[in-house]
Amino acid sequence: VGVQSQGDQTAQSGGESSTAGGSGESAGTAKAWYALPDTELPARKSAIKQFNQNSAHTVEGADISDMQKKTTSAIPAGQGPQTFEWAHDLAGDYMERGFIVDQGDKLNVSLDEFTDAAAEAAQYDGNVVGLPHTAETVALLYNKELVDEAPQTVADMKAVMEEHHDPSNNKYGLGMPFADPYFLSAWAHAFGGYYFDHTKEEQLGVAKPETVKGVQFAVDNFVPYMPNDPTYEPQASAFAEGNAAFAINGPWYLSTLNEKGVDYGIAKLPKPEGGDPSPFTGITLWYFSKKMGEGGPSAAAARAFAEWYVTNEELLLKNAEETGNIPVLKSLAESGDLPENVQGFAEAVQQGYPMPAHPKMNKVWDPVKAALTKGFNGKDVPKAMETAAEEIRGNWE
Amino acid sequence: MSLFDGVGRKVKEDARDVVSAPLEVARDAAYTVEGVRNGEISPAEPLKTAGATLGALVGVLLLLFPIYWILIAALSGTGGSIYSSSGLKLFPESPSLVPFLWVVGDLIIPAYSISLNIPSSDIAIVFNTPQVVFLDVSALKPGTIGRIAFGSAELFPGFGVQPIENPSTFKKFFWNSLTVAIPTVIISLCLVVPAAYALSRREFIFRRKILFVYVLMTQVGSGLGIALLIGLYTVYVQFGINDNKLALAVYYAATAVPFNTWLLKTYMDGIPVSYEEAAVVDGAPPWRVVTEVIIPLSAAGLATVFIFTFLTGWTEFVVAQTLLGTENYTLPVGLFSLISEYSIPWARFSAFALTFAAPIMLVYLFAQRYIEGGLSFSGMEG
Amino acid sequence: MSTASRVARRVEEVPFLDKSDVSLLFVLPGLFVFSAFMLFPVLYLLGISFTNAAPANLFAGEGALSVLTFGEAAFVGLENYARVLFGGTFDLVLFGETLLTLPINGQFWNSFGVTWLFVATSVTLKITLSLAIALVVTGERVRGKRFMRSFIILPMGLPAIFTITVWRGIFSSAEFGLANQVLAMLGLETVSWLSNRWMAFVAYNVTEAWLAYPFMVIITVSALQDVPDELHEAAMVDGAGYVARFFHVTLPSIKKPVLFASILTAAASFQQFLIPFVFNEGGPARQNELIVVYGYREALSFSQYGRGAAISLIAVVFIGAFMWLNVKRGRLADGVNEA
Amino acid sequence: MATVTLDNLRKEFDNGRIVAVDGVSLDVEDGEFVTVVGPSGCGKSTTLRMLAGLESPTSGTIEIDGEDVTDVHARRRDVAMVFQNYALYPHKTVRQNMAFGLRMSTDLSKAEREERVRETAEMMDIEELLNDRPNELSGGQKQRVALGRAIVREPNVFLFDEPLSNLDAKLRTTMRTEIQRLQNELDITAIYVTHDQEEAMTMGDRIAILNDGVLQQTGAPTEVYRNPRNEFVGGFVGSPSMNFVDVAVEGDGGRVALTNDDGFAYELTGEAARAASGTGVTEARLGVLPENVTVAEDEDGLRATVEVVEPVGSDNYLHLDLGPDFIARVDSHVEPSNGDTIRVTFDQRDVTLFDAESGESLLWEEPTERKKAAA
Amino acid sequence: MATVTLDNLRKEFDNGRIVAVDGVSLDVEDGEFVTVVGPSGCGKSTTLRMLAGLESPTSGTIEIDGEDVTDVHARRRDVAMVFQNYALYPHKTVRQNMAFGLRMSTDLSKAEREERVRETAEMMDIEELLNDRPNELSGGQKQRVALGRAIVREPNVFLFDEPLSNLDAKLRTTMRTEIQRLQNELDITAIYVTHDQEEAMTMGDRIAILNDGVLQQTGAPTEVYRNPRNEFVGGFVGSPSMNFVDVAVEGDGGRVALTNDDGFAYELTGEAARAASGTGVTEARLGVLPENVTVAEDEDGLRATVEVVEPVGSDNYLHLDLGPDFIARVDSHVEPSNGDTIRVTFDQRDVTLFDAESGESLLWEEPTERKKAAA
């Protein structure tokens, strides 16, 4: 007795036929991990399908719910994927822990094909640890129904916020996840400050006057116009429901906005007086995980996939349109015919400052976050930043 | 088997009760009204009852408000959020079933071809079963669900629905959860029942010590889950059994052993010894005593253990997330994979969670009297 | 059937099966599996706590045997414990002035203190809440009790992490956070819930109570149903009103099961992880870091498995002692047979 | 002490699907001890509980000492109740159990309460138990404490719901005497529910028989026993109870023949015959008490075969084949063997006739003393 | 059917701290119905459970049908037991309950089992209940099913542990007759434990009285009643039981005066006097059965004050002040008022004398019939 699902038949036969026409290499199977919102999942799945159909190799994609935790536990245990997708800032830490490996000498793609920032982000300590495909950063979003034109300076923006801010009627000036150092980085950097820079003599910049000034500036100019909760969700909700004039947020936010039906515009961040906003940018990489170090067909498969993915203009462009991700492939990034959505973010990227990938950065985030929370709640900013700096130094020991 | 017989009968009775509950209420009301009209029942009585019921209802509603809050988000047609920056709204705006439909996805039994090969001949008989479509979410039309209209009077426009192209993988997670929870239940029952019986009825060396350790570990053990995660993970990985649903089930069953053994033991303490003795005198060998008498009589206790162990497998998140790979995600992990770094799709997230919790409530509605009876503390008096 | 029963009968004839200590065999499988999954990891954790284990060295080495050697982690003796208990300083601050600086690990002892405080407050809240709910849904005059009871246990069917995420939303400090909206409707000031230490603590308690009440209510309800009606009636005839009956009949009768549930739930509170972690990671500024969160953070965020293990074990020792005391005093391990 | 009046009391359960008590009216005089008896489920407990205020009647009124208490809450009625399973508070000592009612319903100071409890405990001979908890007591001791708890409050009315049914036979007899002694001593108004008609017969000044929620008969125990109003009462009261034989009634005013197909034949004459024939009933049931059946020495009387001889100490019960469970209670020296044929007879004054259909007695008249009392 | 022999059976609990049964020896003949009676905790149940194999004796042997079964497991002994609470399996129907024993202990086919169950059910008149579950049955029906379950297996020996104690008085009488009928019909060997001496008296061919784990006396019920071997038996058997009066024994062989300080005086003569004085006991207790106390019409006899007159249907109990609980059972037409002084007397043949210290009867001799039987 045999039972067979009729629908499956075609899929199976289709899958097998593709193995026939491959290159000289033996065909391998690689696991690729990613963590995507489910709006972006279908596109990813079809991309993988496309790859599998056109290549001798097979890639098995998996959407992971908590990437950092999963990779931290799975990779050292030999259970991890060949490649996984994440922002470049993990590179230092993971490299030191031996979670990712250098594949520079085996690549068929030159890093020159990418924007400088992206090429730099793909390397750590001279090792090529992954291939970059998109950049992301935060930009200014404005509600077109409330705001006619994107403000150029913070002072302009403040005037508009003043006009719209009215919490008792559920109206706000701005929605920005204040307590997140990433979102606040533009302002912390605006007057020459920095959180951490391992190239500088004083690596920790958290308590430096320039940084404190930037944070203080944000506290003074933005906090009064924001909902009272500095975390992501409520801040995002205010703008997404049309209740805030501005938002400072990244491309991942666009799907929410589209779903809610807000009419928004994207622009680069406004200038503060005497400074320049400079947000952290993140470059998303297909990392080369420890497993690839073992070589063999599966590593080849992963490499082939990453190479295919990051150089596939059609795919990247489609991605850009659908999700607002900024391509880092030079041919696209510099072509100028990016979709309007992406344009705003692309400009913001120009303002940006790549996140440090040094492992020490790991221990910076949480204390700064605590300090920002304090600042948001009206505590003394310099003192909070000083405390954070102390804690970071303590943790570094 | 008479145990299942009995449970089946009770469930049937309960179902009847549940269905006839409104009738009974109506009857009750009619009787009361009649009584009041005849002056036999003082009008204060029904008022007191109504007041008490209303009060209780308000209390319950307040308590469950967070759930309602989630439900509103889940019924939202615009992605929903539990952060409503537009102020408190008690009803969903532009209500939509899309999130739920998205969760449930297609309910289609695919067509199968069943072939019967007749031995030592080339003839095969092939049956083609028809495809059965209960719900095809990719073919929904607006205004088809929940619309209420009387003639030309449009009372409710219906839930907004659009065709859904990429429904969730709820069914896969559901299946995974089932295949974790059911082995959990089976394994733990296998471990718990004999132990509970022995602890309740037999006298043996270390008996009190074991009982003591079990009560002690009831909570220490379960809470250690997180603290032990590292150790557990290492061990599992070294033996290569992480990402294995059965291994996970064994772990859950192990954590469930102390509490449930103790619980069932307490319940069995309340079963009169004379039933067993009657069976022994009737000539039943010990294993028949257990299968024919003890187990059926412990039905309520078993139901309680069943529910508790099932819930362990059904709702546990942390360990499952650490150990399982994507293919084997259980419902809670699947639920959490909906969240990405920055955004939570509240409508779908909530609809998913509610769909996931609903069966538990239903099961509890029917198993209630077992569970309440099963938590017998007759052994705890004094 | 006949073969099976013949075999079974044969087994019955084995003489030693009649020996009473053989019943231990029934208990052993459960005990073994439980130990394998609980005691072995505990021992493993104990081992790790004496090393400088970190992800980098713990997983080094090949084969199952390296499990037992903790990879390439080095033995560091009691250093982890010393650091956990006495590393750093602790300022005793009263009325804004530092009275005393103790040579102990302030972070750990703060976390330790907050944890016990949380146990005390949350257990009190849970008992009161559950008792109230249980009384309501068993109330004589209340109709539809069964349905109410089955709705009320809903929180038990949702994974805790989901529920907690939702409650984090409820306790948003934003003006439109649900809790704040309720306050506003009542004409009260809004509160910065999670960024204020004690408000966050209140939020933990409320959430913990909401998570735990179904279990407590189930136990309390079944205990309430075991209270003989005659006792109430006797008290009524004796002239006792509702309140007197509650204190003289109801409460003493359900004391034991409720006590039992409370002990269990106290242990659960002690080990609460998700609420502080999801809400604000034990914040603000690690002020409300319950002990398990503390251990977790040391272990995972700072990649100090050894120290994390030491913290976990210290926590386990305390909760174990707490349970031991209660179980002994409440005589929970006693059954009818010993009565 | 007080009088108690139940007027047309009715209680429905399950929205009228079950009628537990149906139009019961009863007057209890001051200091009277009334036993209520009836088969299981006849509504005894329900009646008592309505009296205590634990159930509220569907209709009808309850008066205690002339005051309508139908809508008064249990805890304001000043009645005491002794429960079947004693319902002692398990977590309180005997002293606390006894003092609880005083604490709740009186304003006595602690010392006064102590004093009262001590006095009562002395009376009940449970002084040494005052510091024990109920689970340390034996059945009889529990019973005493339960009684003491009721007595100490000096209530208007005592209610007992099968207080002795959990005790063993020996203890039951002892406690029965004890309750009677107390009742004599304290002269309390008491209503005592039992399903044991022996208890009902020996304890009550008056006995009330319930069946299916309906009051069948009230009266002094011996009177009810000798002169049952209907077949149910006849069959229920006494141990062994009345013997019944189905008979056909034939004859005119002067002489009525009672016969059946099994060869039973008896003749009524005079007053009784007139009464019996006057009703026009043709199918009847003859009732005669076991002790009124005597073994005839001569050839007169009915032939009967002895099925079993059951010795009960001073007497022998002869199970005869005259009808189902037909018993003659004879002196213990009358010892026929099983299977012997004997002749039995009974006096016409001792015969009761019941309508075979309605079960009502055909010969019953209201006893004169009761008539007066009821008026 | 079978004989049962208990030889010097002893059972200790708690490592010898409790001696529940102490050297009990008893022979039960084939087809005999022996009732075992005694106060609570005297070891009745323990004895029965040892017989059933549910407890193993500390020492002594048990034989069934001449075969030593002391170490045989309960399920191989082929005895049936009826439990106090019936122990009907609540999850099985009546049919399944009855068939269970057959399934377990015989190799009968399903059809044969069905047949046996049906036959037995017919005999017990519970055919219509076969598909019901125990909780749908009334007390009497449960009792019948429990009996049926025992009977259907046709075991060698029937054991009953207070099977009627959960029933009400009326039903108890009915079921008592039923068990007797079955015993007569099936001629089974049965051991019947009860604490109700009335049951023990009426049901048993022989009665065995236990106290504190020690067998006090066995014998035919009336004989034990009339001729108790010691004070315990006299006080335990019969309802009401023997009256006791503490007396001083004075006198020589021919004439013995029994007196006490309360003015009691009685004289023994002849054989009894000789026996009494022969033992040299000076402090004794006089025992006389209530029915042997008669009210003297003349001025002879003892003066006694009537405390309470208790009517019990055919008789009246007169509670007299001659001793604690001194009762005379008299005809119901003898109706003195409370407080009357009457004169009572009793025959010297009806008097028993017990040693005040040991409680042993001074006048007892082994009845000749039993002597033979025991040999």
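Each chain carries a letter (A, B, C, D and E) given by its place in the written order, and its residues are counted from 1.
Everything that follows uses one rule, which is that contacts are C-beta pairs under 8 Å (C-beta built on N, C-alpha and C of every residue); 3 or more make two chains touch, one makes a residue touch a chain.
Computed from a prediction, not measured in an experiment: that's the story for all the values here.
Trainee: On the document's contact criterion, could you list the chains that touch subunit B and likewise touch subunit E?
Mentor: Common neighbours, subunit B/subunit E: D.
Trainee: Counting one step per pair of touching chains, how far is subunit E from subunit C at the shortest?
Mentor: 2
Trainee: If I average the C-alpha coordinates per chain and also across every protein chain shown, which chain's average lies closest to the global one?
Mentor: B
Trainee: Which one of the chains is farthest from subunit E, going by Cα centres?
Mentor: Farthest from subunit E by mean C-alpha position: A.
Trainee: Counting C-beta pairs in contact, which comes out ahead: A-C or B-D?
Mentor: A-C
Trainee: Averaging only over C-alpha atoms, locate the centres of subunit A and subunit C and give their separation in whole Å.
Mentor: Chain centres of subunit A and subunit C, defined by C-alpha means, are spaced 37 Å apart.
Trainee: What's the distance between the Cα centroids of subunit D and subunit E, rounded to whole Å?
Mentor: 27
Trainee: With chain centres defined as C-alpha means, what is the inter-centre distance between subunit A and subunit B in Å?
Mentor: Using C-alpha averages as centres, the distance is 39 Å.
Trainee: Using the average of all C-alpha atoms in each chain as its centre, how far is it in Å between subunit B and subunit C?
Mentor: 22
Trainee: For subunit D, jot down the residues that touch at least 2 other chains.
Mentor: There are none in subunit D.
Trainee: Would you pick out the residues of subunit A that each touch at least 2 other chains?
Mentor: 69, 77-78, 170, 227, 233-234, 237-238
Trainee: Residues touching two or more other chains, restricted to subunit C: which are they?
Mentor: Residue numbers touching two or more other chains: 58-59, 169, 172, 174, 176-177.
Trainee: With touch defined as at the top, which chains are paired up in contact here?
Mentor: Those chain pairs which touch are A-B, A-C, B-C, B-D, B-E, C-D, D-E.
Trainee: Report the residues of subunit C in contact with subunit B in the complex, numbered from low to high.
Mentor: Counting only subunit C, the residues touching subunit B are 8-9, 12, 17, 20-24, 26-27, 29-31, 33-34, 36-38, 40-42, 44-45, 48, 58-59, 63-64, 66-67, 133, 136-137, 139, 141-163, 165-167, 169-170, 172, 174, 176-178, 181, 185, 210, 213, 218-219, 221-223, 225-226, 256-257, 260, 263-264, 267-268, 270-271, 273-274, 292, 295-296, 299, 305, 308-309, 312-313, 315-316, 319-320, 323-324, 327, 332-339.
Trainee: For the complex, give me every residue of subunit D touching subunit E.
Mentor: 39-40, 165, 168-170, 173, 177, 180, 195-198, 201-202, 221-222, 225, 236, 238-240, 289-291, 308, 310-315, 319, 325, 329, 332
Trainee: Contact residues on subunit B for subunit E in the complex?
Mentor: 2-3, 6, 272, 274-275, 277-285, 288, 292-293, 296-297, 299
Trainee: Which bits of subunit A are touching subunit B when the two form their complex?
Mentor: 1-7, 35-39, 41-42, 62-66, 69-70, 73, 77-79, 170, 172, 227, 232-234, 236-238, 240-241, 243-244, 250, 252-253, 255-256, 259-261
Trainee: In the complex of these two chains, what residues of subunit B are touching subunit A?
Mentor: Residues of subunit B touching subunit A: 78-79, 81, 83-87, 110-117, 128, 165-166, 168, 233-234, 237-238, 242-243, 321-322, 325-327, 329, 333, 336-345, 348.
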